[in-house]
Amino acid sequence: MRFDEAYSGNVFIKSHPNFEESTVVLYGMPMDWTVSYRPGSRFGPTRIREVSIGLEEYSPYLDRELEEVKYFDAGDIPLPFGNAQRSLDMIEEFVDQVVAAGKFPLGMGGEHLVSWPVIKAIYKKHPDLAIIHMDAHTDLRSDYEGEPLSHSTPIRKAAELIGPENVFSFGIRSGMKEEFEWAKEVGMHISKFDVHKPLMEILPKLSGRSVYVTIDIDVLDPAHAPGTGTVDAGGITSRELLASIHEIARSNVKVVGADLVEVAPIYDPSEQTANTASKLIREMILGFVK
Amino acid sequence: MRFDEAYSGNVFIKSHPNFEESTVVLYGMPMDWTVSYRPGSRFGPTRIREVSIGLEEYSPYLDRELEEVKYFDAGDIPLPFGNAQRSLDMIEEFVDQVVAAGKFPLGMGGEHLVSWPVIKAIYKKHPDLAIIHMDAHTDLRSDYEGEPLSHSTPIRKAAELIGPENVFSFGIRSGMKEEFEWAKEVGMHISKFDVHKPLMEILPKLSGRSVYVTIDIDVLDPAHAPGTGTVDAGGITSRELLASIHEIARSNVKVVGADLVEVAPIYDPSEQTANTASKLIREMILGFVK
Amino acid sequence: MRFDEAYSGNVFIKSHPNFEESTVVLYGMPMDWTVSYRPGSRFGPTRIREVSIGLEEYSPYLDRELEEVKYFDAGDIPLPFGNAQRSLDMIEEFVDQVVAAGKFPLGMGGEHLVSWPVIKAIYKKHPDLAIIHMDAHTDLRSDYEGEPLSHSTPIRKAAELIGPENVFSFGIRSGMKEEFEWAKEVGMHISKFDVHKPLMEILPKLSGRSVYVTIDIDVLDPAHAPGTGTVDAGGITSRELLASIHEIARSNVKVVGADLVEVAPIYDPSEQTANTASKLIREMILGFVK
Amino acid sequence: MRFDEAYSGNVFIKSHPNFEESTVVLYGMPMDWTVSYRPGSRFGPTRIREVSIGLEEYSPYLDRELEEVKYFDAGDIPLPFGNAQRSLDMIEEFVDQVVAAGKFPLGMGGEHLVSWPVIKAIYKKHPDLAIIHMDAHTDLRSDYEGEPLSHSTPIRKAAELIGPENVFSFGIRSGMKEEFEWAKEVGMHISKFDVHKPLMEILPKLSGRSVYVTIDIDVLDPAHAPGTGTVDAGGITSRELLASIHEIARSNVKVVGADLVEVAPIYDPSEQTANTASKLIREMILGFVK
Amino acid sequence: MRFDEAYSGNVFIKSHPNFEESTVVLYGMPMDWTVSYRPGSRFGPTRIREVSIGLEEYSPYLDRELEEVKYFDAGDIPLPFGNAQRSLDMIEEFVDQVVAAGKFPLGMGGEHLVSWPVIKAIYKKHPDLAIIHMDAHTDLRSDYEGEPLSHSTPIRKAAELIGPENVFSFGIRSGMKEEFEWAKEVGMHISKFDVHKPLMEILPKLSGRSVYVTIDIDVLDPAHAPGTGTVDAGGITSRELLASIHEIARSNVKVVGADLVEVAPIYDPSEQTANTASKLIREMILGFVK
Amino acid sequence: MRFDEAYSGNVFIKSHPNFEESTVVLYGMPMDWTVSYRPGSRFGPTRIREVSIGLEEYSPYLDRELEEVKYFDAGDIPLPFGNAQRSLDMIEEFVDQVVAAGKFPLGMGGEHLVSWPVIKAIYKKHPDLAIIHMDAHTDLRSDYEGEPLSHSTPIRKAAELIGPENVFSFGIRSGMKEEFEWAKEVGMHISKFDVHKPLMEILPKLSGRSVYVTIDIDVLDPAHAPGTGTVDAGGITSRELLASIHEIARSNVKVVGADLVEVAPIYDPSEQTANTASKLIREMILGFVK
């Protein structure tokens, strides 16, 4: 071992050391200050990286290996604790740069609100953007008890930005009555409870379009993802979620960015959620980036 | 905030503050002294209330909101530690009052033996009573190593009281050979392993009848409910349990009382079982009380 | 059991049901949105109440019983998630009312920043106020990476309000060099590492004065309080902390309010920290309120 | 390895396989059905045995090795769940046999009530019996909410049997006012908070007498023994408890039996309490049996 | 209770005390020193035995009771820490004796490498041996970073010994590309992702043959078995695994030995994995031994 | 944020990015394959780095800040799982380079056996070497059940290499009788139970000499360090350990290298041990490197 070959810190397994040469930029958004229930997702990205050493580099689902895609792990964006607005600004600025450099942004949360500035940044470049959203929760509130910057609002904001007809939610099993009604009124797609089957119906309609994929780990049943802020029974299995990612991979949509949010290690004593998240990141890299 | 509006303690979310005006009485039965394996369900009701703050008030399954049903959370019945007989007497007396007041009793355990005095109390008022029992275990022992008051006996006692032909067990995957044989001999219904499918067959036969629904959380697979005394692999998913509750809700049976028992927080480090239980309580309120 | 005698929810054991008749008001401040390291103290007050059922009502240290002091548990102030300024305003308004009614305010955190509005409220009524502060951390930053509302700043704010010569910190073992230097310059007392011995020296100097006591549970060694956001080795034992509270109780200072902050249940799998906190609350009630 | 030399199950490390040839009988009393707070000590003896494989066989405190004393691990007495009276009868009968055979009984709990039948059995043979009791709690209630068989009553019962002047409690920091008063009235010794120092004063007075030593693991501070039912801050360190055992070992009292109770593995995620208990058992064997 | 009837230590529930009279020998292989990710399976067998006290003795799946098959629990083979080669030699020698005595060997791991010496021992007696392998991982590496004795290599070694056409792997969802390619080249069967359905197709082809069944608990999804070294999302349910065991039980293959490996209690805070393993052991005894 | 300023992975807080310019090299030795009891320390270094973000950079004990010493975090040496000899060779080679470059080696374990090759490497350069060893265990076995490469042997090997009269052990409370006897015979210093007081006596005798300091985290009481393989009651407090490090810092010995070993995160659910270790590393950097 020579020192210049040595350790470059705790990065996602097999990350490429150089930003310029990479196709994908992986980054953490360690923010959880607006969550109404159980905080802790700020430590999600770090733990996902840590457990990624247990991953095989080959996907028997996609028959691809991590070495086929160059990805740079940029680490966690150093967000200011407790300041939601400044945090969102920093994320947007970061993703602006990633997009400007022509890289594929792959984010790890953090609470779901972090997806909002990412979508803003990507939409500037991809005005035909559609969103595929997998989640237990609608996240369609206009505000949470008067607070517009809340983990309950990102999809509402995104829908208002890119048009609700361009947002497709799957696996939803929780929300206020008003959120479901709003979606219906404005023509936003919501598939309750299931992901894979309705996704197979929607994907052909999105053929050729630019798509951002945002996955809240709590779309999984608590059995499959106990390590998250708001567990909600009745969710899908990790098999269904993997199959859904692979369905997108095999479709004709053009994925232009993605994220996986809400992994909270402190509720995950067996580290099963973090391990699952690291596998999902691998499949997203291998499936979404051609 | 005015003080007379202030906090009324840790109650199930959105409980109504007044007994008289409520349709449902929610109560805890914090007893676990006869369990043969892992104790701890005495703290179940408290933890279910605590995590209920993470619940949405709306059920996208039933399209109802908690504010449509008034329920009073009466707290935990103050049972005497280690004295099974006196505990059961106190529960029966409590439910007698609830039933006398024309309210719907919705109990939270505690070990499964607590269902026995509840059923006794309800049967006095509803002599046409049938029982829908979802559980991993038969609970049909006549005694446990000589002890008739045991968490292994409540369904046997209930069957002997209301007639075994009026008891319908679902999801059973554990018990002594003698228990299964006894059920067969006396004509009691047992569906092994599954809940939803056999329930769909039985429900039409119970049309119009008074039914008590007792759910042992361990009918769920340990993946879905690790936080219980006696975990037993091969159980159903939380999706199947939710669907089963909704099937009853849509049927023509008249639910006259219900309980959810055996949640033990200490085996539930991620609190997923307590969170699931609080969602099940919501669905039982919205589904069973018209 | 009659229903009008029934359960009043999860309150601190033996709380008096009536605000007016009580001498002490116990309240939770469930806020943790500015913490820089591990969040979770928002659930501290609820868990402290929950485990208080394990407490004896008698203090063999002080030879007093809880029934000798009437205290009302007002529950948690419903703070808006992620909004620090509004949360602090609500706390101040709440304590204003408590103080106006002539009650002794006894708060449970939540992060340490919650002490700041409490001190503001009390100082209005008690302009001779001194503060006894027990903590691992100085909490004397003027801001945290540009953010003045931070869990690292409350004692600085308090010192600037009431005069640094009136603030007495004990048990401090962590902070920035600048914080220690600032304290020295402005004449604020800091006892490093120890609490009981230096407190015995300071107390006679405060004889007859109004004193607010703020205890960050992390003044205890991590062995004694693992369940907190920022554990820091080298702390004091629970025996020393108890003895320090009793020292104040036996002194001639006039305690006019107190708090205990930073209990975070999720890092406390054995619930030892919450149990210790509930005992400390008992001793504070019996020791500080004559 | 030959099969007849093979595994003899999970016994305390280096146990002697033969009852007749042994000087000490080690046994478990897996009962926790009368506890008012957190149950789980029924699994204490099993876990203490399991972790004993991590023990060194030599005590550098006493300069003795486990092979110098023959002890037989009789396993757990198969107590009937939930039936306190029958459990106590079985324990008494078991210890009667141990005492009759001239062996030293060394018990592992289980809740503290199990000490009561042991003391009864030993007192029959040793009418000059004194008791050394180390505990956080007085355990001097005459009953617990009307129930005389409670984990809060064993020392009261013992004091009434052998005379309160023969009972010496150490480390006590919790109890009802009435319990402390009763002890004072009847002349029973209670040392509050400390163990080692007052024990050094008492031991000379017991010189030559038969003594039973009963240790509730919660005499240790929760920092040293989180894995117990009722943790109570302000306790002693494991160093002080070890020193106290060694003090007895070096004294002129004649220890005729001993127990260690209230280890509850489920509150002990790091297994530190079970490991400490296994070391204490080693020191009790080497220190109490000459 | 008489002492000669007493406790025989922590053995699997209802074990027969006598080797000679037993049909099955149950044994632990407490080795985890070559694992590349999370160690801890050395404590698997002990914990499986411990929790087996929660098992019913009757299988409602197979309608058999444990008393119908005599099995001797030989305990853990005392393997030398850190020495893989000597450990494997000891295991082989142990199983040689079991096989020579005409008993059915049923092993509990420990890491998967322990299956290799068992298969060697059994193959000597059963040259027509086929292997049914259920696992998340291929375990087909020839070496792990130069080390041929690794937990990643046992099935490769077995395939090379008995012929790859005699090895049938099910449930595989992780491995290196080279491993899958090697299997394809040499004609070894691998069913990706699923177990039950492909097993139903393969079993008729094995009719009448001697079969060894090796189950890595991680074939289960992490939801069903968090307590293992290398969790991998997308696995099967415990229902599917139970059904697969029962399928073998009902087939015409002649099971001549079996094992269940990789249970690691430290990642299993609810003990659900150990409980599931103990149920699987019961079903393997009742299903594989006629 | 510019990308070339970005994240350099999970390194110990405030590490210097450049090896050449640094005075200290911090490195992990993730090996635990020879431990006889509980494995898991292979993940110690990673977790210590991760939690170091919670550290203040200033030491109020030493009045120094981390920016006063340049240290390079070289990451974990990529040791081959299960191969003790090759692992030790790699460590020795690594430290040879560090020493050759004139840097101060500061290692993080991993099991204690990793100290052995470090000491070998340092002794080549510093033939006047003395060792200060703080530990619960003697670690003086010549072999462990025939295996010379064991976590029980490193101090024996070191003593044989540099002369037993140059090895000074403190805090020892566990070992075989033979180990204590051997030390006595060969004139090696062992202070039983205590560290700080005997260290103060020894340090003047080592004045001016080159000293290697090796700290096994289990010298701390389990209350202060539950997260380690072999917890042993009766240890010292973190205050005493900090004071001992500071005593060395203020003495006239010339520390030429140091390590901190045996942190095992999986037994540390509150992360208190990892946090304490990160503070100890800070104090070792600031105290040992002038």
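Read from first to last, the chains carry the letters A, B, C, D, E and F; within each, the first residue is number 1.
What we mean here is this: a contact is a pair of C-beta atoms (placed from the backbone, for glycine too) under 8 Å apart; a residue touches a chain by one contact, two chains touch by 3 or more.
A quick map from chain label to UniProt name: A, B, C, D, E, F = Agmatinase.
Quick caveat, the model's predicted, so the values are computed rather than measured.
Identification of common neighbours of chain A and chain E yields B, F. Relative to chain B, the chain whose mean Cα position lies farthest away is F. Two copies of one chain, chain D and chain F, touch each other, and the residues they use overlap weakly: the shared fraction of interface numbers falls below half. Mean C-alpha positions place chain E and chain F at a centre distance of 39 Å.
Separating the CA-averaged centres of chain C and chain E is a span of 55 Å.
Distance from the chain A centre to the chain B centre is 38 Å, each centre being the mean of its Cα atoms. Among the residues of chain E, those touching two or more other chains are numbered 38, 221, 223-224, 267, 269. The touch graph of these protein chains has some other shape, matching none of line, ring, star or complete. Inter-chain contacts, as defined above, occur between A-B, A-C, A-E, A-F, B-C, B-D, B-E, C-D, C-F, D-E, D-F, E-F. Within the complex, the chain E residues that touch chain B are 53-54, 56-58, 60-61, 63, 65, 221, 223-224, 237-239, 242, 269-272, 275-276, 279-280. For chain D in complex with chain C, the residues that touch the partner chain are 37-38, 137, 172-177, 180, 192-193, 221-224, 226-227, 230-235, 267-269. Considering their complex, residues 1, 3-4, 6-11, 19, 46, 49-50, 73-78, 90, 93-94, 97, 269 of chain F touch chain A. Chain contact summary for the complex, chain C toward chain A: residues 32-36, 38-40, 42-43, 80-84, 144-147, 149-150, 266-267.
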